[in-house]
Amino acid sequence: MAVPDAPDAMLVVEGVTKRYQGVTALLDVDLSVRPSEIHALLGGNGAGKSTLINVLAGVTAPDEGTITLDGERLEIRKPSDALAHGITTVHQELSLVPALTTLDNIFLGREMRSGPPGLKVKLDRKTMTKRVESLAAEFGLSRIDLQLPVGEFGALKKRVVEIVKALAFEPRLLILDEPTSGLEDDERHRLFEYMRALRDRDVSLIWVTHHLDELFGLADTATVFRDGQTVGSVPVSDTSTDDLVQRMFGIAASELSGTREDAAPERVTEPGAEVLRLSDVSQGTVLREVSLSVHRGEILGIAGLAGAGRTELARAIMGVDKISSGSVHLHGKRVQVRHSSGMYRRGLAMVPEDRKHLGILGDLSIAENISISNLRRVSRFGFVVNKGSEAARAEEYRKSMSIRTPDVHAKIRNLSGGNQQKVIVARCLNTDPSVLIFDEPTQGIDVSAKVEVHNLIRDFVAAGGAAIVIASEVAELIELSHRVLVMKKGRLVGEITGIPEALADNRYDEVEHRIVSLAAGRSVA
Amino acid sequence: MRSGSRLMRILGTTGVPIAIALVIVILVFQVLSPVFLRPSAVSNYLNNGIPILLITVGVAFVIVGGGIDLSIGTVAGLSAGMTIWAVGAGMPTPVGVLVGVATGLVFGVVNGFVITQFGINDFIVTLATLNVAGGLLIVLSENVSLRGVNAPGLASLTQGSTLGIPTSFWIAVVIFVVMQFLLMRTVFGRRLFATGVSSEAATLAGVEVRRVRFNTFVISGVLAGAAGVLLASRLGAVQAFLGMGYEFTAIAGAVLGGVSLAGGRGSVWAAVVGGLMLATLQQGLRLNGVDPVYFSIVTGLAIVTGVVFDRQAQRLVLRRNVGGGPAQAVGAHPVAPEASHARETGVKS
Amino acid sequence: MSTDQSKARVSVLERAGYRLLLDPTLGVQAMLVTICVVAAFSFPVFLTEVNLYNVVGSSIIVMLLALGMTVVLIARGIDLSVGAVMALCAAVTAEALLNGYPLTLAAPMALATGAAVGIANGLLITKLGLPDFIATLAMLGFASGILYIWTGGVPIIGYMVPEFYYVGGLTPLVGSVTVPMLIALVLALVLGGLLGWSRLGTHLFAVGSSEHSARQSGVAVHRVRILAYVISGLMAAVAGIVIAGRNTNVPADLGTGYEIQAIAAAVIGGASLGGGRGRILGAVLGALTLAVSINLINLLGVPSSYQKIVIGAILLLAVVANRLSEIVNAWARRRRLARAPVDHEADAPDLGPPTVPAESLKPTRKALR
Amino acid sequence: MIRVAAGGMSGRRRAGRSLIGAALVASLALTGCTTVDQPEESDGASGGGPGVSDPATDEAIRAIVDGRTIKVGFSPPILSEFYTQVEKAAFNKMKEYEDRYGVKWQWERQGALNDAHSGTETVGIVEGYISRAFDAVFVCSAAPAETMQQLYAKGSAEGVDFYQFNSTEELANPSQAEDPTGGLNTVSNIGYDDRWQSGYISGQYIAEKLEGEGEVLQIMGPSGSDWTKLRQQGFEKAISEYPGIEIVGQADGGYVRDKGFTAAQDLLTKFPDVDAIYGENEDMALGASQAIDAAGLKHWDGNEGIITIGADGLVSGMESIKAGKLTATVDVNSTAIGEQMIETLFAHEVLGMTVNQFVRVPTDVVDKENVDWHLASLKANLAGPGKY
């Protein structure tokens, strides 16, 4: 389909091309956004969405092409140029400054100043507060929050600050790059409301999302990208998820997820022996008396709002953070380990959240990233790394997990998010774990990669492993888990068992409702 | 294309651009002053340069792990003093050598312990131990004589020659080879790189980051101790201010060779090449009769051009190389120059 | 409302207590007070007006440099060139005075020199991408090399004009108050205001804390970093002018070692080498801590051979104190949050029921399952 | 950091120029350490055979020289006013010899820059001179004597002659009386009369002015430095001879003025009633005199006030003495050292004479009485014609 010719377009991007050191990230891309519309940008990882957004936001300059806003040709060389034209961007990666207060963050680069005329040098925090106070309050940020350094906030609250920051300046064009990642359903919906309200106020929005389900009823137009090129634009009302998936990946949606339908029955199995048990584990104020157990062949989901202590639980199990009381038993034996390396040796492994910063070792190669957690396996005499066998192992994983790279010696940084995540999973599998912990395993990766990662988790468990999955998306947890534990404020507040059976009985909504209610702390209806 | 890209990859290896520059500089100096490559001059040059090269290699380990060690200079001085003291007190040479190396080891352990266990910034801790080691040498030199020691065994470490080349050269080569092996081929080295790239991510991948960092300070301390022993051997006597200021030369040499202050990038041989470059410049200027007041300017210029040159070479290679394979995920920008710069500010907390 | 009531319940005393406990310079304050108390008990002479003024007077040079260093450290840089630049600027001042220029012309010349070096540092770091440590180390070499070649190692002397004795603090202005003290006070206030109340200040913290975020927010990162070095260069120039007056001669090695003292003072004062943290008050207190320590060493008659060891120990103590104060800060913050009426648990704001019809979410979920 | 020591730049007269000067040198020459053989008739060019400006002698020497170029290396421990002054005096003497005898000079200065206190850089510099086969090298270094002597032995074997100047060889060879050349591999050692006497003389001066009664402060150089050690020994020895005089306070002034200033200030708060301050070098003494001003105390006026004394003989020190602030300084005679270096070199290198192992130039205390003369001759030397 062709890009709809939109003479009334507000923003027109024509023929934009961007090459990074020989790699073509965008090739002759067109985009046209009408006034007051929510325009979704879709595409797999590496399709070029982020690059286009970076171009519009002034983070990178295009090699060729033009950008026109309201008929005026724009030269966007740096972020401040974009801001000056009313183009505001909420990047997928938070762009907040930890050392600054919420207020200073919101007004960073656009500070209001007071003082005698011609000498307006003093920051006018009073006016700034006044201006943003009510907006902030709507998103649950108190006055005190405005004065606290952002570094003290959790991920969710940071995301909220980021959104308030974007909304505070009445943008003409608001670009949202995966704005809901890490948000709970409630906040997600609050944001959607705002997006609608902005549209009603004649603001156009460009919205990048991997969650096709979010589009319907919200977005007006969707433009699909593939391999750095525009596939086409389509009114959202005229399309379906399957249609979009096909455009994004050039294959039918059923091919992506079909095979798993057959696997579903095997999920309903008797749990095997207990592998991991936690008894009354506490850690400061973030974990309180958590007791749980995980069995062979089981996927245990952990649900909870951000800040409920899910990641902290994973870190405590892995020995990254020291627990203050309680005990951890592995295969029935108590383990006391002060460091994650000990846990890896004993058969635990973890795929951390925030892949880019906590998962990958960006400057190391794919092979090196795979072997790092179990160097013993590829070393001679216990300390000399055998590069040959290291590469051979990596090669095996590359094939078996279809990690898309021609060379396992390439730096992992250069892979797409989904492939990076597969490498991290390979790293964990390489330690022959009996328990594998996944913390937000599919955050920021595209639909097809997500399916692949889910399959990896299921395969691992099917082969006799045990998995703990932490995910903010309740839907993802329900899809994967046999059993879900819900956390709130560092405690376990509930357990939902028999999920596969419930799904087989079409009781999805009931399960979802229970999880959400427990996590939010409301009484179960 | 194939051979071209291989050439490019070699050029892009850390330290290679500087090594090429080093060869050019040596040739230029040889043309300017024919004595430059005369055996006696080369032997002097090696003997003078090797102690600092050892320190450079030691600090390179710390830097690759994302840290910094400022105490190395005065620790080397103190180790030299302890060696002379031990030998002067009648202990056999091997014991003297051990005493010197052990002194460095003690400082490495103290540095590593305080930094990793208390989580205190390494710049400040090692600045403090710099003062402590320097002070101890002064106290030592006031209380015992660190001169007039007749120790042929100790002296033979640097003044003797094996196969016509100074013994200290062989000692250094062995140490460098072992260290290069340790860094590039062993489990420890791999963990060290992981730590330097991202200590958080390395922790989560099961690397005992604290222990790795602790070990880097121990290595740095031990090599400073070894450097002290060679200094003692060459000088035959120790003066109270020995080693002061060596730390900056060593760090500059390592960085010039391509060891990144942000951590996670570098190699022993690159550090050695960078250190040799500084030593060569100094020796070359000296043999051409340039007043040392110009040295600091020339050295400053060399560092600036060297680091810029290295960066440009890397960038060029990246650009040329990337065209080669579809390995690069489209849109995943391999090097966001701004982002990588952000880490490169030199010292991390 | 209950909020207001509980707010009122937090007594004034308690609030003052929190204020102290939350102060990031708590560590250095505690340390300084401890040293002063020890000194006062050991030597009654310590608390005499004369001695206190002497200590303050002797801390000024390091203090001025530490002020600039703090700004650079906040922006996540480091400036090793300040000592050499100070010496260079002192020489510029002295030479200008020697050539008959009035102080009103000599001082701006020195300031221009400092600013120029700052710009050069900034450009090397931002445009050529050199690590700060290396760029400023090279600049240290440049500046001191130029000074050696220029003076041939012979100190510049004979430039003292009567008003310059005021500038150097050799002639007090009123009572024991000297011009350098006033200069340091004014500049500390100016820089304090700059960091706390100006756009540049916010941007400095932003660049130091997260350069990437700052850039995305439209902060001109390069300009901010260059300005940080310009401020540091200017402070080095001011220090140069003052030390030229205090020293009454300018030898080529005048600035040796000052960079380390400045960094030490700034770090003792709580600035972080990791960027994004640092306080002007901290730098002032840090410089005073160093000066008081030296004063104490001199009064105690510590043999000079032990001085270095003592200085090293003080540095270590100071960083440990800072670390402890961080822990106390964090504890106090948690406690205050626990007691404060505001909804601090608002990591997850309660937003009420979702408003988007759930039906719209259904189809896809199934398609993907 | 070091403005080391030694001394005084003073230039003292442009000796060499007149018979009067020569006579003065001869008469001042101390007996203990014999100055180079010093023909009575010479014009002060003690080492060099050249006598009075006698055309025939000059012509004969000119024949020996035969237009030869002498390659000389000069390695001071640091580039400072004092060593610049030594060098300048040497230049003047070199110019004179060039004019008279047609000898040509190739002079190369390489001073250690970064480690004035440790001297390891000097080792490399001297090795460079050996590699390039210089005829003669003048060295003053903080490096341990043993290190340097080994190096000299090695260099001598390759035909390079070494001369130490302003060095602390008495530490290496404390028994010069019995074994003059013990442990020394130099052709000659040129310095001012007995290093620690700059400390000893200062102590004596203070004691005499105070008539054997009083309290004294001592501002020292960095501990660990040989010069510091010697001066302290000398000073304490002198003071120990006067039981009525007590050293009440000591502090480190690092050989630099601002540290000396602060140290003196601190000590003066604790001991405001002292009678004298000894700064081991002139910069620190000047810092101390600033501290006296700042504390509102009184400078020595011949009868009362605080005596400040340093050592070196720098222009700034002498001007301070003229202004009535610094009381005195020990001028260790940098210009005479520079001249003697060249004379000794010429005598040995060109004329083949055996020169004295120790050449000692006279030392003098400069105070208000004689400062005019010292300052004038110093300035005259600075304006001399030599330049290489």
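Here the chain labels run A, B, C and D in written order, and each chain numbers its own residues starting at 1.
The definition used in the following text is that a contact is a pair of C-beta atoms (placed from the backbone, for glycine too) under 8 Å apart; a residue touches a chain by one contact, two chains touch by 3 or more.
From a predicted model like this one, the values you see are computed outputs, not experimental measurements.
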| item | value |
| --- | --- |
| Between A-C and C-D, the pair joined by more C-beta contacts | A-C |
| CA centroid of chain A to CA centroid of chain B, Å | 41 |
| Whole-Å gap separating chain B and chain C, where each centre is the average of the chain's CA atoms | 30 |
| Chain D: positions in contact with at least two other chains | 79, 111, 113, 222-224 |
| Touching two or more other chains - residues of chain B | 138, 142, 293, 295-296 |
| Touch relationships between chains, expressed as pairs | A-B, A-C, B-C, B-D, C-D |
| Parts of chain A lying in touch with chain B, wherever the complex brings them together | 20-26, 45-48, 50-51, 60, 227-228, 318, 320, 339-341, 343-345, 349-350, 352, 357-364, 368, 371-376, 379, 382-385, 387, 404-407, 410-411, 413-416, 419, 427, 431 |
| Partner chain D, residues of chain B touching it in the complex | 33, 35, 38, 40-41, 44, 48, 77, 137-138, 141-142, 146-149, 231, 234-245, 282-283, 286-287, 289-293, 295-296 |
| Interfacial residue positions of chain C with respect to chain B in the complex | 76-78, 124, 128-135, 137-142, 144-146, 148-149, 153, 210-212, 215, 221, 260, 263-264, 267, 272-275, 305-313, 315-316, 319-320, 323 |
| Chain D - residues contacting chain B, complex | 79, 108-115, 117-121, 123-125, 127-128, 130-133, 142-147, 150, 172, 222-226 |
| Partner chain A, residues of chain B touching it in the complex | 185-191, 193-194, 197-198, 200-208, 210, 264-265, 318-320, 322-323, 325-335 |
